[in-house]
Each structure stands twice: as structure tokens, then as C-alpha cells.
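Lettered A, B, C and D in written order, each chain numbered from 1.
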Amino acid sequence: MQGMCWEVVQHVVRATGVDLAGEDVGAVVSNSDDFFDCRTISDSAITDVVGAHFKCEEKVAQDGAQAVYYGYANVASGSSDVVLVAGHSKESQVGDRNLITHAAFDPFYTRPVGLDYLAAAALQADAFLRRFGITDADLARLVCQQRAKAARNPLANERTPLSPADVAASPMLADPLREAYVYPPSDGAVAMILASEDRARHLTDKPVWITGLGSSIDSFFLGDRDLSESASLRQAAGRAYRMANIGQPRTAFDVCELSDPYAHQLPLWAWQLGLTEDPRQWLSGDLARFNPSGGSLAGTPQVVSGLARTAEAVLQLRNEAGERQIPGAKRALAHGTTGPAGQQHCVVVLET
Amino acid sequence: MAAESDAFVVEGTFALPYNYFAGRVGSTWLVALRDEQKIYGVRHPQTGKVFVPPRQVDEKDFTDLTGDWVEVGPEGRVTGFTVIRYREPYQPLPVPFGLALIQLDGADTSIVHVVRGEDLGQLSVGRRVRAVFARERKATILDIAHFAPV
Amino acid sequence: MPRKTRPVAIVGVGQTRHSSHREDVNQPELIHEAVRRAIDDAGVSLDDIDAVVTGNMEMFEGTHQPDMWQVLGNGAWGKPCLRVSTGGTTGATVFGAADNLVASGLHDVVLAIGFEKQQEGHTTGGITAMADPLWARHLQTGALTGMAALEVIDEFGHERARRAAMRYRVIMDQHAAKNPNAHRRFNLSFDMIDDLMQKSPPLVGELRLIHMCSQSDGAGAMIFASAERAAAINRRPPVWVQDHVTVHREETLSLSGVPTYDAHGKLETTTQRRAAEILFARNGIARPSEEIDVFEMYDPSAWWGLSWIRDFLLLEGDEHLQMVERGDIAIEGRFPINPSGGVTATNPIGATALLRPLEAALQIRGDAGAHQVPRTVRKALASGFGGTLWTVLMLLSKEKPDA
Amino acid sequence: MPPKPLSEELIHREHMARFPQRWSTGPVMGKFLKALRDEKRIMANVCPRCGRSQVPPREVCAVCRVAATQFEEVGPAGTLRNFDVVYYASPDPVTGQSREVPYATAYVELDGAKGGATFWHELHETDMTKLRRGLRVRAVFEEDGKRTGAITDIKYFEIIEGEA
């Protein structure tokens, strides 16, 4: 785990020339989860590798986009000029991820009936697909398309191409979610340097600016929500777009990196983000700019998913995304989600 | 210098004991399941909205909801469902089993519970179901053993 | 001068009555009590809150991503809600995050929440789970260690050290007796010191049961606002966040307090001393014990509390022992520490490091009731402790900091 | 209908959370554990900048923020720098079971370790009044065939009688 973090921290240190040993980094915002790590104070395991020995380190224990949100606040508050955001998660450590997310349900009303995030996602998929008449074949096509993108992304966990026949043979886990519609258990770490305008211009000749941030949380009980949509994502997006002065989200972004650990969430989020008015039609359109990385579905640990999506968006805007590069990308949207069936959402708008 | 080949995997366990408290509001609901075989909701004094499971306040406006308990169900309609086909130690039934959102008669929100008693392929939105209480009840939500089609 | 885009005020606080057992409420309901009181204290409505920062340590209650469930009571529905978690320092990290969120301009009014319901889990087992599973988990015993005691005993002698630690503990208990929200109140008196030194059951080495912090159920909430919003809310005298400093350290030391060494083989400083040096230098405080009017310290045990007085106040020699022996740290003393009774009295861990600045804010407002210190409090210091001897130090001020 | 009174009986539910774990040692810790298992040797790693030892080894030197790459054998004897005598029985999160008390844990400065680095382990001694800082102690290894590549391949440390 420490090795994994050190690798990504070294990468950003080399890329930016930030002096980790000196006073350059004012604060570290770490991002991890005690339950996935099965370790109280999961950040104490990585204090040394993120360079926080005798320094400020603060852990955001939600999806990584929230860590970006807080990292931004840390810089904008004036307290730090340079903030290292570093997230890690090793889902391989607990053999069965569902054991962990089951524990997110309250002990009296929702745990005894056997809920976990997979079951919650299935209930959401049921509601959303039914509302729009989206079929198993539609999702299968989407997943094959997205896997083909992942095959061009050397950072993706699952890069094996999928055919519709493979998907059809994929076992149904919880109707309508097949195994192929669920992200594989994944390990990973992500690091990112956030800096004030002055410092950013010194650290890189290709800074990417955070111009919009929005976050919101919905009700906990699944039966309190309309699972075929997401009020909190609409709120989060509205806030981010207001901050970034975006009036027409549908045409505003060259690249959208959305946290889609379950396949049906990509059209659902795209719709609730205002990127399309009709998610069914959207599925048959040109999806090149949506998750060119292959998305979370190709295997990003849930905890760092939004941080990884943000990092992908940054690579795109820096024109450093290799084979998956969207030419001339100027403005990107990155998104993260926490909790059962997307209870909480965080939206980040990035521009060159 | 350590090499990649020096790494190996150690198998182990993480285990800790817990003791959860339902609180007075939750206990009221659970005791009613056990002793009365009745399902209650809590009604918002202004909007009249009936919430199940019960909760102390409306999260959106902090209105106290504990003053007006209304009986709901035992019948209701399925508002969404899945069929669970993967196995976990914490599941209440052997797989496959139906897991459904059920809006009990008189309630404005749905609860999640298990459905059995018919071909799972027949499970559908709008389906009328009825709470089947367990013979031995222990003040848990599984005092409703499952929901069955009416 | 601390650098800050804009000043931030504390406009309302609320806490539960802390207790060993709260079977009558579930987790969101316990949080709700504190949140409701903070909102009432500030005289605002739920709609006035722009964002929420919350924190606890999920292994204590065994709830993964607990903020998801907590939304039933914490007021975060439909709002940005950040959860930070850094062990014992969690509440202080919540404090810092709320301050940063307002100072950044992202939000004008932020609700900060710390919470723990220790009764639902095993506190010591939960803390032990912080240790690396491959080399330390079978050795650690939560936050229990006698090494802090051993250090003080080695330096000042068995009799003086043990007596000073117990005197510190008795003073804390006398403070707790004046605080209706405090969890443990034993009515200890100085004439019981000899007896306690002999008879309180040992936990680890010279760390005895009476020295150690409690395990409490409780929550605290504070409302932070920009100067403009604070002026508009204006129900209580505003308390200003002057500054906060976080100093973490590597994990290899665990909680022992064994000294480590820097790159040159010299004894490293402590995170307490380092945080104090940064904070005081940045805020022009040359004589902390004279310029600061009250200190709410996260004292997980009487031994640590005693020992850290020296580090936090940048003292040398036995000055800290003398302060305790003379009674300087009592409510009516020259440098009151923990008029609330502190952490040996009350410890809902995720809330504890937020309760420190919360109590400090009450002292500045003059609203602490029976445990109000008998003087005008202009500057109040508060500390958080957690992780592997991590420190957060917070400075609150009656006067609005210069822009 | 009269309002329903809230329950006087308060319901609780006991639960043992149990998660199977697959801890990856990584190369650095892996090398340390394999040396215990295969060679009964305690390997520290050393910071290339400041030269301080770390036992167990870490990926980096936290002070210098550089990768710590070189390994050196330390111990098996050393000097007791600090210790705890534990009387309080707490659950072991690896098993969920309560531990037997009293037991002692020790911070040992192993011979050859630089920069004051100490190593934390169990100290086996039935007479707790003997314990004091500065005592000479040594690692006692698990017998051949029983070592598994775990920190417990060192069974405990024991006092070396007669050595100051």
C-alpha cells in the first residue's frame, strides 16, 4: 500500500519539480477509507510516503472528487499555496468488497435485509432502465464500447476487449446487473498537485484550472429517493456550473470523466448532469468524449474514483492522454460519487 | 534493495465486536413489529407525509416526527425490485431471492425488503404484496420474515 | 501573520450531554441533538447552512461511510457535505476544514460536526486496529501506554511525577464537576491523591484507570460564518478563528511516545512543540502562558496532559510540573487548562477535538456558565491529538483578526 | 387515536464484524519477513541521505522523503529503551478475541541500528519488577519449520542475564 502511494507521489513530484522534502507543499489532503483498508486511521499508514511527517495532512474519507473539492478550499483559503492530494485504496485486501459496503447500511432497517452497494445499484438500475426502456442489449453495447476505450488506456485495470457474446455469457449478479456491468475489484492510487495561480505558473507551463465545484448529498434510505434519477447530482452540477458560468452543459465540455462503477450509471449521470436530455437516445449517439479512459467501469477503486476521473480530465486538458486523447480538449467535467446508488455527488469543472 | 519478488500475501482476518442501539424511536417501531405484528410510519405534522422506516426528524426541515405514529400496510405495492443471485454471508435468504422496494399502504416512502413465494420471474412493479410475520419475533425488521404476493 | 483570504467567525455552538451510554438514540439522532443546539444557539435556520463538514472514526461504530446514514440527522441533505477523518484529531480537522471552506469563499456558513458513540463498539480494539497488521497489531493496546508516565518519572522522580499527574487529574475532575455536559465526575479532592496513587487499577505501567480518558457517547457542532454573514446573524458575540496548525508524523512510532531522531541522530521535537512554535511565531505570541487566557487541551490521559503543558507552552525544565503543583491550571488559576474538565472527563473521540475549540469559544463569549474562567478571555488555545502522536493546535480570538 | 407512546424498552443488536484479509507485504516488508522466516535475521533498511535505520523497514525515510533502499542486518540482541506492562485485556482485532494479561511490550534498540531506531515487540519476563530501561535483551526465534514469514517468527525478546 505504501509502495503504491509512493509511486504516484514520486510521479507528480518529478512532473512538477515540487520539493517534497522542503517547504513547498503546504498541506497534504489524503483520500482513503478505513473500512476498505480495514484499518483505523487509514492515513496513518501513508503519512511518510505522502511527505507529511511533521506536516499538515488531512484525510477526506469520501470519494476522491471530494478531496479535490477540499484541496481547492485549502488553497483558496490562503492557508497553502501548494497542496498535494493523494488517494489510495486496495480493494483486493478484503476478498469480497460487498462485505465492506454492506456495513454502510444502518444496523436496524437496511442491513438485515442484505443490502450492499451492489444490491442498491441493482435497484437503481432497475428503476432507471425501466423508466427509459433501456435494454440489456443497450447496456451490453455500452460496456463493449467502453471496454474498447479502456484498451487504449495503459492505466486502466481491465483492458481485455469484450464482445456482446461475452457480455451475454456474463452471469447475472442482481437483475438487471450482470458481472460485466460492475467494475472489477481494483487497487490503485492517485496523486495530484493543486496550487495557487502564482505557484501554478511556476510549477508547470500547462496548468489546468479548476473553475467549477459542486457537491450535494441525497437521502440515505433508498425508498426515500426516486432511484430513476438523482436529485443530488442535479444540485451538485447546478452549483459547479454556476461557479464556472456554464449555461449550456450539453455543449460545454470536450471531455467528461464520470464515475461509473456500474454501467447503467454512465447514461444516468450524463442525463442528470444535463449532458443529454434523453439518456436512451444518448446511448446510440457518439460517446467518444464520455469516459475516454474507459471510466470507473474499467476498474478504479471506488474510494479514489472521482480523484482518478479528475486526473484523467487533467491529462486530457494537458494533451497528455496518449492514445485516448480527445484532440484539442479545452474544458472538462470530472465527477465522483459516494454512497449507495449515488447518494452523494461531486462535480469538478476544469479548463485550460 | 528489495525486489518485486520479495512481496507476498498474508491471509488474515479483521474482526471487532459491536453493539448497536436502535434508540427510542427505532425501538418503538421494532417492538411494535414483535409484539403487535404491526408496521408503523411517522407522519409529518405539516405536510402529512408518512415515512417508513421511522425517523426522529424530517432531514429536510428538522420537524420532529415522533408525535404521530400511523399504522401502515401490512399490504403494499412493489415500486422497484431486483433478484439477488450472488451469495453473501449476511443475506437473509438463500439465493436467488427477490429484493424489492415496497410502498406500504398508507406510507409515502418505500422500504426495502425480501419477497418470496412466487416465481421470481413474475416479480413486477405494481405487484401487490403482504407482510408475512415470523413466528419467532425478536424486534428486528426480519420479524417481517418476507413479503408475499397477495 | 496567518494567511487567510477572509476572516472566519464562529457564530453558534452546540453539544450533547456526554455520557457512557445513550441507548435512547441511534447515531444520526445523537448527532442531531448537537446540530439542533448549534443552530438554535446561532439563531439560524437549516436553510442558512451552506455546507457541512463532519467527522468520526468509523471503526468505533462499525458503520462504513457513516455520513451517508448520518444525513438523517445532521442537516446535510441537499448540501455539500465533506467528511474528514484523522483519528483523535478528527474534530480538529473538521474545525480546520470548516474554517478553510469559509475562508476560501466557497461557502459563507458552514456547520462543523464531530461525533462518536463509543458504546456501540470496543474503543481500545478500534484504536488497536490502527496498527499495521503485519507488524504491530498484535502489540498495540489502543491508546493505552505507560511510556508517557515512564518518561516523566525518569525525569522528575517517582514520587513527584506520580503526585503531579494525580494532582492534574484531580484538578480536571474538579473542573468537570462544574460542567453539566461532562461525562465523568468523581468528586475527587486533593486529600485523595495518596489513595488514588495506590489503589486506582493499573492499565499499563503507571497509567492507571483514573488517569485515562473516558469512553463517551456524544457530539459537538459549531457554525462558522464569513464576517458579513456573522454580522447579519449576530445572535451571540462572534468568536474569531485566528489560526490553526496541523502537525502529523510517521506511523512507525505508534502511540508509545518513544523518542525518535532526526536525520542527524538528534532527538526530534514533538508534534506538540512543533505546532506551538509555528502557531506562536505566526501570530506574534512571545509569552504564550501570559498572552493566552485559557487552554482547552486534548489530554487523553493525565500523564500526557501533564507532559504536554511543557511542549505546548514552550516551557523548559519542571515549569509545567510547578504550574500543576501551584494550581495555576485551575479555573481560577493563572493559566486555566480545561475548565470543561477536558478529555479525562469526556471523550466521544470524533467529537473530542472539536469540543476543545467549542469550549474555548464559550470561554471567549463568557457563556461557559459554572466553568467560566473568572476573567475576560481574549485569546483561547485549543488542541487536538490523534493518530501516531499527531497534533492540531487552534487559536481563537475575541477580536476580529486583522485582514 | 391516542398518540403512540415511545417504547421504554430499548432495542440493541450485537454483531461481530469479521472481514477476511489479504495483506500484501510489498517488496520492502516482504524482504524483512522473509529474512525472519528463512534466515532468522532482522533486516533494517537505511536512509541513503541521513543514514538512519528503520525496523521494520519502510518504503521511505519520512524525514528525508526519499526511498530507503539499502538493507542491513541488525540485532538479534539490543538494548531496552522503553517498555509497557499491560494489565488491561483488550480484543485483538486480528482475532476478535480478548488477550491474556499481564504482558510486556518493549522498544529495543537493536545492535547495529543507527539514529536511535527502536523495534517494537513483545518482551517475555514473568517478573515485571525486573524491567528497566537499559537492560540488554535478545530476540528469541520460533523454531525451524514453524516460522511463517510473520513478525511472530520472533516469538519475543528476553532479558540477557548478567549483561548490563
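Basically, a residue touches a chain if its C-beta (ideal position, glycine included) is under 8 Å from a C-beta of that chain, and two chains touch if they have at least 3 such contacts.
Everything quoted here is computed from the prediction, not taken from an experiment.
K.L.:
Under the document's definition of touching, what chains do subunit C and subunit D have as common neighbours?
P.N.:
Correct list: A, B.
K.L.:
Considering only mean CA positions as chain centres, point out the chain farthest from subunit B.
P.N.:
D
K.L.:
Look at the interfaces B-C and A-B and say which one is made up of more C-beta pairs in contact.
P.N.:
A-B
K.L.:
For subunit A and subunit D, what's the span in angstrom between their mean Cα positions?
P.N.:
36
K.L.:
If you average the CA atoms of subunit A and of subunit B, how many Å lie between those two points?
P.N.:
So the centre of subunit A lies 29 Å away from the centre of subunit B.
K.L.:
Taking the mean of the CA coordinates per chain, how far is subunit B from subunit D in Å?
P.N.:
So the centre of subunit B lies 43 Å away from the centre of subunit D.
K.L.:
At which residue positions does subunit C touch at least two other chains?
P.N.:
Where subunit C meets two or more other chains at a single residue, that happens at 23-24, 26, 59, 62, 71-72, 77-78, 122, 125-126, 128-129, 133-134, 249-250, 252.
K.L.:
What positions in subunit D touch 2 or more of the other chains?
P.N.:
Those would be 10-13, 15, 17, 19-28, 33, 58, 61-64, 91, 93-94, 150.
K.L.:
Taking each residue of subunit A in turn, which ones touch at least two of the other chains?
P.N.:
In subunit A, 38, 47-48, 53, 94, 96, 99-100, 102-103, 107-108, 219, 221 touch at least two other chains.
K.L.:
For subunit A, which residues count as touching subunit D in their complex?
P.N.:
Within the complex, subunit A touches subunit D at residues 1-3, 6, 20-21, 38, 47-49, 51, 53, 90, 92-96, 99-100, 103, 107-108.
K.L.:
So in the complex, the part of subunit D that touches subunit A is made up of which residues?
P.N.:
11, 13, 15, 17, 19-24, 26-28, 58-67
K.L.:
Note which residues of subunit C are touching subunit A in the complex, please.
P.N.:
Going by the criterion above, the answer is residues 2-5, 26-27, 51, 55, 57-59, 62-69, 71-72, 76-87, 93, 96-97, 99-106, 126-130, 132-133, 245-252, 271, 274, 386-388.
K.L.:
For subunit A, which residues are in contact with subunit B within the complex?
P.N.:
By the definition above, subunit A touches subunit B via 38, 94, 96, 98-99, 102, 107-116, 118-119, 122-123, 125-127, 130, 171-177, 219, 221-224, 227.
K.L.:
In their complex, what parts of subunit B are in touch with subunit D?
P.N.:
Checking each residue of subunit B against subunit D gives 1-28, 30-31, 40, 66-69, 139-140.
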